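You will see chain A twice below: alongside chain B first, and alongside chain C after that.
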Partner chain A sequence: MSYAYLFKYIIIGDTGVGKSCLLLQFTDKRFQPVHDLTIGVEFGARMITIDGKQIKLQIWDTAGQEAFRSITRSYYRGAAGALLVYDITRRETFNHLTTWLEDARQHSNSNMVIMLIGNKSDLESRREVKKEEGEAFAREHGLVFMETSAKTAANVEEAFINTAREIYEKIQEGVFDINNEANGIKIGPQHSPTNPSLPGAGGQGGSQGGGCC
Partner chain B sequence: METSDSECFESADEEFYPESNNKKPQKQESIASVVEQIEELKVVATTTTVEEQPTKEIKNKTVKTNKLGVKVNKVSPPTETKEIPETINKNEETIPEQSKDEINLWDDDDDWEPVEQETKSIPTNLGWSSWGNWDVTSLLNTASAGVTTITNHVSHGLTSVLESGIGAPDPEELARINSSEKPKFEDGNHSEPINLSFGLSNFVSGVTHITKLVETTGNKVVKGGLDTLETIGKKTMEVLQEGDPGFKKKRAFLKINSNKPVLSHILREAKEKAEVENKLLEERQFARKANYESLFDDHQGLVHLEALEMLSKQCDIKLQSLLESLTGDDLIELQETMNQIEELCELVDDDDELEDTSQMKEKLDGAVSEMHINISYEKLLNTWSEAEDWLRNINLAICSEVELHEQAIDTLAQLTALAVERFHKIGELLLVKEHRSTADEADSLVQLTVTVTTLISHVATKLADKFNEKLTTSTYKDEINKLITNIYFESANSISYIKNAFQLLIPVLQVGAI
Partner chain C sequence: MEYFKSGLKSVLGGPQPGAQPTGAETIEKLVDRVTSSTLLEDRRDACRALKSLSKKYRLEVGTQGMDALKQTLEVDRANCEIIGYCLDTLCNITSSDTFEEEQDLLNINIGEQFTEIFIKNTDNVSLVLSFLEEYDFRVRWPAVKLLTSLLKNKPKDIQDIVLVSPMGVSKLMDILADSREVIRNHVLLLLIQLTKGNANIQKIVAFENAFDRLFEVIREEGWLDGGIVVEDCLLLMLNLLKNNTSNINFFKEGSYIQKLTPMFVIPDNIEELGWSPQKVSNIHCVLQLVRTLVSPNNPVQITSVCQKNLRNANLLEALCNILMANGVPADILTETINTVGEVIRGNLNNQEYFCTVMAPSNPPRPAIVVLLMSMVNEKQPFSLRCAVLYCFQSFLFKNEIGQQQVVQTLLPSTNNNTALTTGQLLCGGLFSSDSLSNWFSAVALSHTLIENPAQKEQLLRVLLATNLGSQPVSLLHQCATFMQQTNKLQSKIGLLMLLATWMSHCTQAVAIFLNVPGAMAFLTAQTSATEYDNNEELLQGLCAFLMGICVVFNDNTVANYSKENLSQLIEKRVGLEMYISKLSEISRHEVYGRASKQPQTKAKYPNDLILEFEYCKLFKALESVIVKTLGAQKQLSNDMTELSLSEQENGLLLQYKDVIRDQDRRLQDLNKDLMRITQERDNLQVQNEDLRQSNLQLQDENTLLKAQLSAGTVNSETLPNTELPDPDLLLKLKQLEKEVSEKDSELEQLHKDQDDLLELLTDQDVKLTTFKNRLRDLGENIEDEDSDNNSIDETDVK
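Entry: the complex of A and B
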């Protein structure tokens, strides 16, 4: 598949908040109520379009269990975006946000875009964390905030795409050095400056249909 | 100072008399002709006679040498420019060796002492004393001028380089400075006649002046050099430490680069290159050839490899920092343990690749069971049996060689991606395992690697067999032979990726042993 940019995302947060379900909803547009516990890290990928440009999101879905914490930390490096997820029906998952945030900030680059997500918004009757609390936390720590439901797909698409848009804007502003892969951004093959000898390959018209089946 | 001066002197002599004794008669001849010329000049330009006072004689001689000097300059300008930097170097080299005591000597005692030694050295040149005088002054002048300009240029160059943010001077920049230096030497030569007309006393004081100048500029070079080095060092540390106190990240980063190229990067580059090439091919209406790296990425082999590399690196950093903290027997003991684990992980290169594949499942299950982690090779086995089914049922009359090739490459890429994914998962599970049993784990991983690579070879052979069947009926024999070669090539790649993934697990095993 050809793309203009590739963004690396990580999804982090307590176990059982719905990280893998959010990923599945985003990549496969389906919901799986019973899910195996994630071991270490699993991956998902999807192509999106921003500003007419094809962007590949490569999503690293990490295990939320405490036991994997030290392992998953080693995967933070080189992420351009992070989805920090809590469960609106379980207050402790909200209370742990500070720890997660510290971890993320410590082990990744400072320009990483972090999106705070209050998941399971479909379970309004069991809500323990008010939307305002999430908003306040996000404001305080300079995060983007959104409530989602992996089950009904509400805001799922938006959460992933808005994060990408934010990263894209940072690239335009020159905050992200796209040539430094430690920032979690890779330039797609047809934009690669290493192939100046192939002017025909950059044809915008052809880039849409490219790639393999 | 005396040594450096005489060194100057000698080197200057060498310059003009490369093989001094043998060449002297020739020189005398040329001098004689110059003397003739000068005598002519005397008639025209000066009123001086030979009987006049010694000082005038010296003047005359200086005129001679001047003339001679010009002549020699004209005869061998290239050697001139080449030789002078050498004498400068000698000056520079000797200056640091001179202790400060010596400088003090000059200040405290009478200033003439070194000058006398200077003049003493002139008579050693016998009939060529004036000739020698010229040498000393001109060389010292050029030398000091050269040194000053060099110091200026170098320090200026370095600061400008530092200001532009680079930690070390660019070789090109330095080369440019050097080349811009050359005209300066020539300038020094042109200014010569003015100095020479001062007479002996002037000349002597000139020498003192010059020697001091050389010394101070020498000190400047040394000081300036040290300052520059210090600045470079400081700047480098600042840049390195930026946002990374204690160099934690840098250490990790440097480690990656120093050891070996990161395979996932190489693969990604290869993949991207291939994608661009494919696009070109498409545009030219050629059949699109299946690309192994692209398919390997599509099956998430690449990202698992990348994650495994990160995990491996993390373990490596842990081990290194532990090794650094240990001393004495503890260190030796740990190093021995590390080496033992590496030895356990040595893969025997056996070429009998066509082992029995009928008990593949039992072999894999048996290997995994030793590790006591919850991992299954079901998916890999399923993919393999699907591939076998496809190969059994394929109708070669319908399936074109291009289709066959695409499917074959995809099978190899998928099996390899799954194998790498399993190794990554094993790494993660081992790291969270409560009680590690390193020897068993190493043994299991070796078995797994051997079994999976055997499987890949087996599949590749079967795929190639299909092409061989096709070869008997097809007219495109060259094309098919190329595709067969490609299949074997990519299967060899597959095997090396799998072995690489296994190698990446060694630090994971080692961490378990500490």
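Entry: the complex of A and C
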């Protein structure tokens, strides 16, 4: 149960792009073909390991519908990471990315890591958005990009873990103020008031797990 | 008052002797000054004056000054002092309270009306929310108060507005960290109002680290010993978790359950210290909080994980300690029992743990026994007894082992120790003179049987020694008898529920019940009664239901009370229509609606205890089955006469059926025999034909040989006369003679054979005729040609 860090994520994007399915695949390792429309926000959690450190991810899966937009805005500020999801078989969900991004940038803290995700990569035959387009959009706006399939679980782990790694690296670099809980980062109970300005010896790149634990 | 006057003086430029202005006039002037004055000081003084008049002349200030105040909030937002006055004024006019100095006491809803006017433009609320960001006490404090006041009057509207105004909830959460306690405490109250019944706001508040912050406040305030602030924190947590699975999940995942541990630390010397009212309130809230996490209304997987976590955090242990501690106030004890019940309900591990908890009594007794002792004790508070029942039910819920253990204590073989057992307590309660004990015990006992066919049969073995010297009677027998004898409605209903649970899906129990003298007569009389008072219609419904169970789970072993007999009894004595309407009395009754809502039986007064949750479930499941069975039985008796026959006729019919079946079997056997014999006969005919053929052949040969022989003798007689017998010829003759004699003997042999065969043939023929006769006897039609042919053949052969 103990963890070194706790990160808060949000999942955003148009309705029906598979946000809830991504979360379910990540937390429960299962796929639910028919999913109820998310009302407001739903919570999920899982523990992962980065650099040999236990990291708890708390994820808020938001409703994509316009009607809930004002509610979901309340979650930007306190999140350390966001998964911005579109559906590769529906171009309009890709077209709306700019709006989502503006919204996120406006309401979140400037250090929030945003991962762009093109979901439903298993439906290659119905693809409307090329992978290159997603890559280009991510490059242009400084996001990390990945195509995933909540159905086959392809890249789902990676999407959540890479986002965490990015946040972890930012902490190591001292970009995040981890004492401000409003950033969506918490230090684990037993790790707490060590010197936060002294990042773990593992340092840059976050490559092999250090032998510190 | 002096201050008020000086305020007026400074604004209105001193008193004018003689012409004292009315309140309305003064306010008009002030409002005018607020809107038109170019000097900030003037506007500020006017606002201050409005504020001080806003209690006494609430209506006037509200009606005339509202717009001016809103305008000032926007224009002068940089000046904390003037904003403070404005907010305070708004707070006064929208307040739901009535002020002492208020003049117009007729208009009671005035605060609510002004609230409605103010929030009509939702920007106004956002404006007030934005003032929360101002650290200055003069602004933040009245802003919080104003929001509280608005929320009190129009909770739904304000919730919706706050939810959609950007960062509305987040701003409120931020000032929960305000170091000025008065603000923090007030925001706490505000948040309690704001989160009431709104899942979306609850989730945002939780997202904004509410639990961390609240635990922090609770810790600072000294946990359970903290004042009302601790209670407020707990109330807010309770709001966040109630019916909100997402937040419960978050609470569990965030390891907040473990953080509850210090709340359950009861000092050893608590008896000396005593329980302050605040402490009682605080612990009440904590118990509610725990119950919210493991509520039977939550999704099963959430509840079971929370149950596991509570056990792992040793909170179940802590709860049991409170249960067994001395000097705990009754209402806390009651709530603790309820909480323990829900923490163990349906969770085998926790149930097993609970089973091992011992009370520090002398001699030590299991906690369950001690609790049940209170349940069947008339002197204990009613709510406590209800709680024990709930806890006991929860202990048995989905717990086959637990059910078995309780029933076991009643079985004769194990009854060798003198210690008081659960079973004994329940049996004692079942037949005691206290109707409430009867009801509690009956329901408790019925829970040992739910979905447990084995225990239903085990419990049938239980014997009771009613009077000294008299024959022991079975428990079920005693229940059925007591049900008829007692004149207390509650006892009757309790027993009827126990019997229904026991007898459903258990034909053995039904059979025993049907043999109890008067039992069926009692049920029939109740079901067919037409007049009733109070809750008697319910009693009749319950009786009808038990009767239905007797029909459905009847294995026809009791003479006179077979399925058919009982259905006809219902049809004739009650009438199917009437019977069904009696049944539906149960589900139509308001107590049914109340009882089927949640597993915990909630009652304010002892008389309210009538139906119970699991019984309602059973009723729901079986009502249609009973109606269907009765319908089918009726259909049967209409279509077919078989079931309308008397017992004797029925027996006769069965006899005939057996005879027919026997005959049928024999006929089949004979048919088989016949086939085999025909086959045999055919074979014999073929053989016969063959033999006749070979016989003919032999006869021909024989004749030929005879001819040859006579020719040979002629030759041999003539030859010697003519010439000397040729030695060769002689030799040949000898040979031939030899051959002839050989042939002769052969022929003789063949004759003999033939005779033998003929004899055989006759035998066969006789056999055949007998078979045929037998066949004819059996009614098989056989043509006579066969036999004629045969006889012809035979004559031919001869």
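The rule is simple: the second predicted complex is superposed on the first by the 193 of 213 C-alpha atoms of A that agree within 3 Å, B and C clash if a C-alpha of one lies under 4 Å from a C-alpha of the other, contacts with A are read in each partner's own complex, and residues count from 1 in each chain.
Convention: a contact is a pair of C-beta atoms (placed from the backbone, for glycine too) under 8 Å apart; a residue touches a chain by one contact, two chains touch by 3 or more.
Since the structure is predicted, the reported quantities are computational estimates derived from the model, not experimental observations.
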Touching partner for A:67 - first (chain B), second (chain C), both, neither: first
First, second, both or neither for A:28, with chain B first and chain C second: neither
First, second, both or neither for A:110, with chain B first and chain C second: first
Dominant toucher of chain A (residue count), chain B or chain C: B
First, second, both or neither for A:92, with chain B first and chain C second: neither
Touching both chain C and chain B, counted on chain A across the two superposed complexes: 1, 40-41, 43, 45, 58, 60, 70-71, 74-75, 77, 181, 189
Residues of chain A defined as touching chain C within the complex: 1, 8, 40-45, 56, 58, 60, 70-71, 73-75, 77-78, 107, 181, 189
Interfacial residue positions of chain B with respect to chain A in the complex: 243, 265, 268, 271-273, 275-276, 278-280, 282-283, 288, 290-291, 294-295, 298, 300, 303-304, 307, 310-311, 313-314, 424-425, 427-429, 431-432
Residue ranges of chain C touching chain A (in the complex, touch as defined): 163-170, 199-200, 203-204, 207-209, 212, 246-247, 249-250, 253-255
Chain A residues within the chain B interface of the complex: 1-2, 39-41, 43, 45, 58, 60, 67-68, 70-71, 74-75, 77, 110, 181, 186, 188-190, 192, 195, 198, 200-201, 203, 206-207, 210-212
